[in-house]
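Each structure below appears as structure tokens.
Same chain, two partners: subunit A is paired with subunit B first, then with subunit C.
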Partner chain A sequence: MHWLYTLAHSQSTGGKLLFAVVMVILFLAVIGALLVLIDRTPRRGREKYQAFLFLLPALILLGLGLIGPIIRTAVSAMTSAEVTKKLCVPRPGHSCLVDKGGKWNNFDNFRWAFTDNDAQYALLHTLLWTLVAPIIATAVGLAYAYAIDKVRGEGFAKALVFLPTAISFVGAAVIWGLMYQQPSQNGASGLVNVVLHWVGLGPLNFPTVGGWRLTLMMIVVMIWIQAGFATVVLSAAIKGVPAEISEAAKIDGATAGQAFRRVVIPSIRPTLIVVLVTISIATLKIFDLVQTFGADKYRGDTLANLMYTTYKQAGLGIAGGKLGEHRSSALAIIIFLLVIPFVAFQVRQMVKQRAAR
Partner chain B sequence: MTVVINPTGEVPATPVEPLPTTTVGRVRKGLTNPVASAIALVIGVAWTIPTAGLLVQSFRSKTGQDTKGWWTFSDLTLDNYRRVTSGTGNVLPYVVNSIAIVIPAAIIPIVVAALASYALVWIDFRGRDWIYVAIFALQVVPLQVAVVPLLRFVVNGAHLGSMTVIPKLGLAGTVGAVWLAHACFALPLAVFLMHNFMSEIPRDLLEAARLDGAGHGQIFRQIMLPLLRPALAAFGIFQFLWVWNDLFVGLVMSGSNNAISPITVKIAGLVGSTAGQGGEVVPAAAFLSIVIPLAVFIALQRFFVRGLLAGSVKG
Partner chain C sequence: MAEVSYVEATCLYPGNPIPAVDSLNLDIKDGEFMVLVGPSGSGKSTALRMLAGLEDIASGEIRISGKDVSRRPPKDRDIAMVFQNYALYPHMSVAENMGFALKLKGVSKTERQDKVREAAKLLDLEKYLDRKPKALSGGQRQRVAMGRAIVREPSVFLMDEPLSNLDAKLRVETRANIAALQARLGTTTIYVTHDQVEAMTMGHRVALLKDGLLQQCDTPRNLYDRPANAFVAGFIGSPAMNLRTANLVPGGAQLGNIVLPLQNSVSEAARAAGVSTITLGVRPESFTVAQNGGSGLKLEVKLVEELGADAYVYGSLQGDDPADKHFIVRFDGRVPPRIGEVLDLDVQPGEEHAFHPETGERLG
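Here is the complex of A and B:
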């Protein structure tokens, strides 16, 4: 398998792409072999073995990538760093300090997360994000979906708002960095500040304005990205509202606003909640925007970004006595706990959905 | 609920659809008003301008960018694009990394999920509903919780005390580390989607094949896979966009190693490092990074919407 190792570490364009293709082919070959094996299982208790083999790849990946790591992170969050000397893996032959972890430290990492100034900011700002972004994104999506429903050019209108869905948060950060650009001495200024100037307001200095203003300005970007998702899903829901109901409302003399509030909203309530929950989960883990804008330098941090910077300070395998990785584990666990109610809701919906079928 | 988690992926209306000619359409039309049209116009324009601004800016020289807004369309040049596609500022190698990451990261989880869903839908065994719910519930695990231990595993292998359970795989420092992470993290959603699609396939089809003496493996290969093609396409696009646009996993798993960093990591680095000077190429680089997913998205939007409506639960 030496050639495969060499290929994996190839630096050339062709080598990298070839490695990807070879890995996919190898993977499909393994799956093919597994399917042949499934049909050769012993007759006694056959279905049980077959089910196990069908599930095996998924169980391996889930154990490796999710279940094992949860346990490790939980242990890491509860323990303190314990540094020993060990051979360095990235550079064989060198020895470096390795954090073995393992000493229970009585929730010290969590105590840090709730008392440290930066961590408190991050927690508070994450809550601000989660309170504001999902509601406004959903509201904008709903208003837009309803406004363009059944009008000429609906498909095009929807595509306009849906397009940012395909754009990465990093790309969005560049796009909005340009929109928010501070007025420079040379004369250039972002569109937002130009408009503010027109209406007689002072410039917003992004990102140096810092604090909750900075967070709100980043939330605008999040709304810009997520509203398309809300529009598409809610638009499908609005089209699912039986025509007879709207018709009846109209005959009864309801105005457009009344029909919207009393007929459309109640009919699509379940979908509205699902959209809210989905965006909330994404918002709780907001990282890319904060990282790309460097907002942590201006008191605009979030939990997920603080988790990364704390981890990064420690570095993999070179703990050097720092608590970084253990503290970042504690922050990750806090995000985990915050997400649980939302996902619990989704699981309940899914189970209900299955029972109804 | 009926709409969002809609197992067949039967979309009530795709974004591209004919104008209403039915009574329903006319009644709805009657309920909209000028206020609604104004809202639509404002939102539509506000959502388009930022991206258009970036596109224009990416074609403008440093002087132009420094002195005037992009809406003046002044100082147009191709220079920025030349600089980000050649020489020391070339970002194309990172695009290659992204491609090398996204191919396995999209194919592996969908195949694994299809296998798992087959067992969960078509084979009767004790506890199968529990396993399905448990896999779905694993979506609760934020990447933040899972990614660092997974990196440690890739670098060191898995150990219980001093016993080595799984040796290191030699993936450390390769793009393999990045796509392995994506493949694992995508599974809960992939299983959910495939499970929904698979439940819609008529049972008779499977039973007829069983009576003809086909084994489960054979049925999966010859009957299920062809029928699942729309589901594979829907999830494939979903996962493609997710992986291509991801920053967090790429950042942690590549550990600032330029040789394997995806394009998002490069762009985020550029934004940070060019705050003083050289920032004029960032719009061009950023536009290069979003043009591929944008093209995929526009071309295959229909499949994407179907996947979205079938399980809009990725977080």
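Here is the complex of A and C:
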């Protein structure tokens, strides 16, 4: 197999092309072998064999790309030293694993994640994020979707709030960085400070705003991004509520507010949950926004951002630095565990919904 | 208890210059069962929705108990409505569905429960009070929709084709139940349907609409016996009345091989209108086998529909074009004619209808 390795790392165009051809042939050979195998499965219980064989490639890829890394991360989170060489490509006779005396360390990394000041700080802020951002983003989206429903120019109004959803978090962070800009010497100032000035408040000294105030400022950006998503999805759900039901509510004597609260909302409940959970998961993992805003362990840090900075510290001479990789693995596992209940809740709701239909 | 009046009530849909309901004048008496009937697009549902407050009234007014409610929201009109597909709230149980209006009105929980239970008893729904609409059959859902209307004790019931989602047998059964219920409650009811049988069997009076215009409003008997125009004549009755353009000849109107004598009033009206042809209408049940053979209306049998009690004979008259609609004659179901046979028929005197050939208005 050494030739394949050489080919894979070939520098010449010809070599690269040859490698591509070899891989395509290999791929077809595997598929062909699979099909032959499927064709030869015993008659009894044939469907089960076939189903298994057809699922096999996807299962292997899932295993390699998802399950494997999860296990590795979990192992890394519970051990105490680096085990992998940087930029190492595994090949026969060479191991990328370097034993640096790593051993199970009795959940030390997790203990750190829950006792360290910086980690607690990040955990608290992530909690604030998750409590505020999904609910407000969904509420704003719902109110907006209901307000523009069946109004002239609905498509335009929807496009307007959906635009931010199309902007990357980094781009959004840069844009809002300008919005939050503090007044400079020559009087130039971000829109937020202009508005604050009008109402007789501020100015907000954005680059030095700290703690939960920076977190709230970033949450505003998150809401700005996610409200569009919520609007579009909820608007479709609102349109799915039969007109007769709203009319029946009107005739039953419901005011617009009562009809909305007692008839429309229960009817779109499944969609509301999907939107809430989707935004919650995105919020739990919030990283790019926080990173671009320049948040760190002193101001507005979140778990995902801390995970990144801790990883970056690996190998630096800082206290606990050599444990960075393992601590960030622990943080990754914690974020993963925090997401699970949301997903489980959503799946349960979906099952319930299906049973009710 | 209330009377309802439409006064020159007009409804315009945006983007359509032709009114969906055009200057409708209709007075519905207290406790009356009024059926609005017509083909699809006739404006019957729109007329009902105008009364419900679900459609805006472009001009004219609608009065309930003498008060103009044209500009009031549905909840201030004291009406209850049964929708075609029931429009039950899917997330509420049967009891909650029925009690929703009372809950919004702020009626106490115990009173609400009593009223819901009372209505459920009336409609045989007691067993299902805790179920969700999804767990009910079509007929049960229909009854819940009725129950939701009854519980409120409104002054007017509005029903928009409430039976059209039921199967044929259940429809006949429920038809009778609704009529009996209305008689018992004595609540003014406006009922929309496209089915003339429903209209004839349920309504104290029937209002027939076409293209947003009221054609005739009368008791089922009068509608059947004296249709105001050719459209009403063709719509009411099943199978439909045979309508033919007939030349006026001395002694009557030419129909197939015979000259059908017309009543004096008809001839006079035709003369007054200055027409040389009329639209002649004869119901399938107005024929008998000719007494003195050979002198009657000749009809060649093309098709026979046997329904047990009756047989409907589809045939063509002498001189008929193949493109002409078949002439339909009711026959005793026990002695149906054979296909190809030529029947010899008499028209029962006085059972012919004559209409203006262009306007369709009744003559005489």
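Simple rule for what comes next: the second predicted complex is superposed on the first by the 255 of 357 C-alpha atoms of A that agree within 3 Å, B and C clash if a C-alpha of one lies under 4 Å from a C-alpha of the other, contacts with A are read in each partner's own complex, and residues count from 1 in each chain.
Assume a residue touches a chain if its C-beta (ideal position, glycine included) is under 8 Å from a C-beta of that chain, and two chains touch if they have at least 3 such contacts.
For clarity, every value in this text was computed on a predicted model and none was experimentally measured.
In the superposition on chain A, contact of A:I245 is made with subunit C only, not with subunit B.
When the two complexes are overlaid on their common chain A, residue A:L201 makes contact with neither subunit B nor subunit C. Between subunit B and subunit C, B touches the greater number of residues of subunit A.
When both complexes are overlaid on chain A, the residue A:S267 reaches subunit C alone and has no touch with subunit B. When the two structures are aligned on the shared chain, A:G253 is found in touch with subunit C, with no touch to subunit B. Of the two partner chains, neither subunit B nor subunit C is touched by A:L131. In the superposed pair of complexes, A:A29 makes contact with neither subunit B nor subunit C. The contact surfaces that subunit B and subunit C form on subunit A in the two complexes overlap at residues 247, 250, 357. The residues of subunit A lying in touch with subunit C in their complex are 242, 244-245, 247-255, 258, 262-263, 266-267, 269, 356-357. Residues of subunit C that touch subunit A in their complex: 52-54, 73-75, 79-81, 83-92, 100-101, 104-105, 132, 134, 148, 152.
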